[in-house]
Amino acid sequence: MKKTIQRRLLTGALVLMTALVTKPAHAVNYQALVDADVKKFQGYFRKEFPDVKFEDYGDGVYALDEDARKQWKEMEEFPPYELDVEAGKALFNKPFANGKSLASCFPNGGAVRGNYPYFDEKRKQVVTLEMAINECRVANGEKPYPGFKGDLAKVSAYMAYISRGQKIDVKVKSAAAYNAYMKGKAFFYGKRGQLNMSCSGCHMEYAGRHLRAEIMSPALGHTTHFPVFRSKWGEIGTLHKRYEGCNDNIGAKPFEEQSEEYRDLEFFQTIMSNGLKFNGPAARK
Amino acid sequence: MGISRRNFCKTIAGSAASVAVLAAMPGKLMANWSDKAFAADKLEDAIAAKYGSLPIEESTAIQIKAPEIAENGAFVPVTISTTIPGVTNMSIFTPANFSPMVASVDVMPRMKPEVSLRIRMAKTANLVVIAQAGGKLYRVTREVKVTIGGCGG
Amino acid sequence: MKKVLLLLSMVALMPSGAGVLAAPAAAAPSLIEQAEAARKEADALGFEWRDTSKLIKSANEALDKGQKEESDKLASLALLQSRAAIAQAKSTAKNWKMMIPK
Amino acid sequence: MKIKAIVQNDAVSVKMLIPHPMETGRRKDQNGVLVPHHFITEVTASHNGETVFHAEIGPGVSKDPYLSFQFTGAKVGDKLKVSWVDNKGGAETAEEAITAM
């Protein structure tokens, strides 16, 4: 209705913006390509929701719905994840069999959320915080934590908690990094599963609107606040658990925690939120 | 096995169904825990078990702060308070739950007559709060909608 | 949406599966084998659907119980899903850029 | 359990979060077996030996119960003692210093 008309009017302007992006150069400036995407992506939400403040997108759907926001604030009075943060802190400092601990792997006391995800140019892959946590364990002769929830999510929650306020500024500096970014981008916009739906279909085009009883959260800010304690789960879980749930909902076979697919998607989504601040963990319905 | 949006939300069924229920009470409980009131499956029985046959009067001096539409029935934030003088106890009930009595708070002399908690609601239903002052009971009722089939976040 | 899905299934039923069916094997592969091969192909593309492997499992179980007809029905559905998923993978690879909202 | 006791104006605001499954006795586990009920029945808070809060709760209260109340007559540095018991004989007692806002 009103939205569709708006959209049509805006198309022209966006085509112009795209034209400005490409500039001939000897080496491709991948960061510039990505920055242009970010501008377009964030601009989409700015136009859809002119009244929503940019920093509020870190609060997910609560940026868009007042009644839900009030209830969320009630939960944040004493958020259920505080127990997980406490447990995560203990796990973070708990000595491994070799005497070291997770704390020995991370600088700054573990307040490093803002450094992840990043593209490891040597290994040619995206490294996420949860991946780094488990790699630290394996490097010290411990078993990796199982995915999606439990100790992995708790440690991640603790590290996110002590990193709150760190700015999201994920860089893309090489062809390999850009390739991972593009894979994440294709995942985000591509339709999949029995319902033939995409991330963007629900979380861009339907953001703020009802799908049955639910208000769809905006994709801008999606990755800022994980891990989350979801009331529906009754426990804390990782971003990749949420991806798993979404894929399952649309009838697609989900990928594993820290699969290349989900890491690339996290990389892309986090880049789209460049400029926001990490504010996890969070409570969600 | 048609292709249907119905599949979309099927995962909620299990979690939202965690209704508060006490089919058979455990044998040994704290002696002073109001087991009869908690075990009652009807609102009237629960109130009678807790307060006996005291007269009940509808009151506007009890406030219930709760969402219009609960985001998730497993965690509904509720605050109850009252301005009735000399109140000694406040209890909260959700008649639609298998076991309606949710909590009962003794308002101690130094405590303000206000308490917040998170409760379970199986479905859209009334919240009933009873306050006791002197030999009388005061009651207020409010509806809270609970959406089932949630798949958001 | 239903329309899109219908189209997908139709595409899937058309020549894409012909290769499997026309394989010059001594014994033609069973429906379950065909479904499993197609499922693997969809999985390799990262586009397998959620219920396909469950359908194949149920088809195998039905066969063990001697319910050939039921087994065939389930295996056909799994085959259909897998082919639709493969078609979806190809279509998405080609068209995802057009899905970016303006 | 986590307790926050903060002096606000003339009263102490107490918020607590108690890790507990609060099993209703109606939930089935992954194998379809009913999980026996297991829930907190009573929560008590005291200051200088005097009970300032006493609640009876049942399985209608959410998992990891959250409770919040206010009481008067205490100052920064005082200790608040909180204890709970459950229907299986489980119990915990914790003490938390009252802090300024």
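Going by the order they are written in, the chains are A, B, C and D; count residues from 1 in each one.
The rule is short, and it goes like this: a residue touches a chain if its C-beta (ideal position, glycine included) is under 8 Å from a C-beta of that chain, and two chains touch if they have at least 3 such contacts.
From a predicted model like this one, the values you see are computed outputs, not experimental measurements.
Enquirer: If you check the contacts of subunit B and subunit C, which chains show up for both?
Expert: Both subunit B and subunit C are touched by A, going by the contact rule given at the top.
Enquirer: Which of the two pairs, A-D or B-D, is linked by more C-beta contacts?
Expert: B-D
Enquirer: Central chain, going by Cα centroids?
Expert: Centroid comparison flags A as closest.
Enquirer: Report the inter-centroid distance (CA atoms only) between subunit A and subunit D in whole Å.
Expert: 34
Enquirer: Where the centres are mean C-alpha positions, what is the separation of subunit C from subunit D, in Å?
Expert: The answer is 54 Å.
Enquirer: Could you please state the distance in Å, as a whole number, between where the Cα atoms of subunit B are centred and where those of subunit D are centred?
Expert: 17
Enquirer: Taking the mean of the C-alpha atoms as each chain's centre, how many Å separate subunit A from subunit B?
Expert: It comes to 36 Å between the two C-alpha centres.
Enquirer: When you check subunit C against every other chain, which residues touch at least two of them?
Expert: 5, 51
Enquirer: Identify all positions of subunit D at which a residue touches two or more other chains, and write them in rising order.
Expert: Only 63, 66, 68 qualify.
Enquirer: Taking each residue of subunit B in turn, which ones touch at least two of the other chains?
Expert: Each of 3, 74-75, 116, 118 in subunit B touches at least two other chains.
Enquirer: Residue numbers of subunit B touching subunit D in their complex, please.
Expert: Per the stated touch rule, the residues are 14, 17-23, 26, 28-30, 32-34, 38, 74-76, 79, 94, 97-106, 108, 110-112, 114-120.
Enquirer: If we count contacts the way the header does, which residues on subunit B are in touch with subunit A in the complex?
Expert: Interface residues on the subunit B side: 3, 5, 7-9, 11-12, 15, 67-72, 74-75, 77, 116, 118, 147-153.
Enquirer: Quick one: in the complex, what on subunit D touches subunit B?
Expert: 11, 24-28, 37, 41-42, 47, 50-63, 65-73, 85, 87-89
Enquirer: With touch defined as at the start, can you tell me which subunit A residues reach subunit D in the complex?
Expert: 77-78, 80, 82-83, 86, 234
Enquirer: Applying the document's contact rule, which stretches of subunit A touch subunit B when the two form their complex?
Expert: My answer: residues 60-61, 67-68, 70-72, 74-75, 77, 80, 194-195, 211-217, 228, 230-234, 242, 245, 248-251, 284-285.
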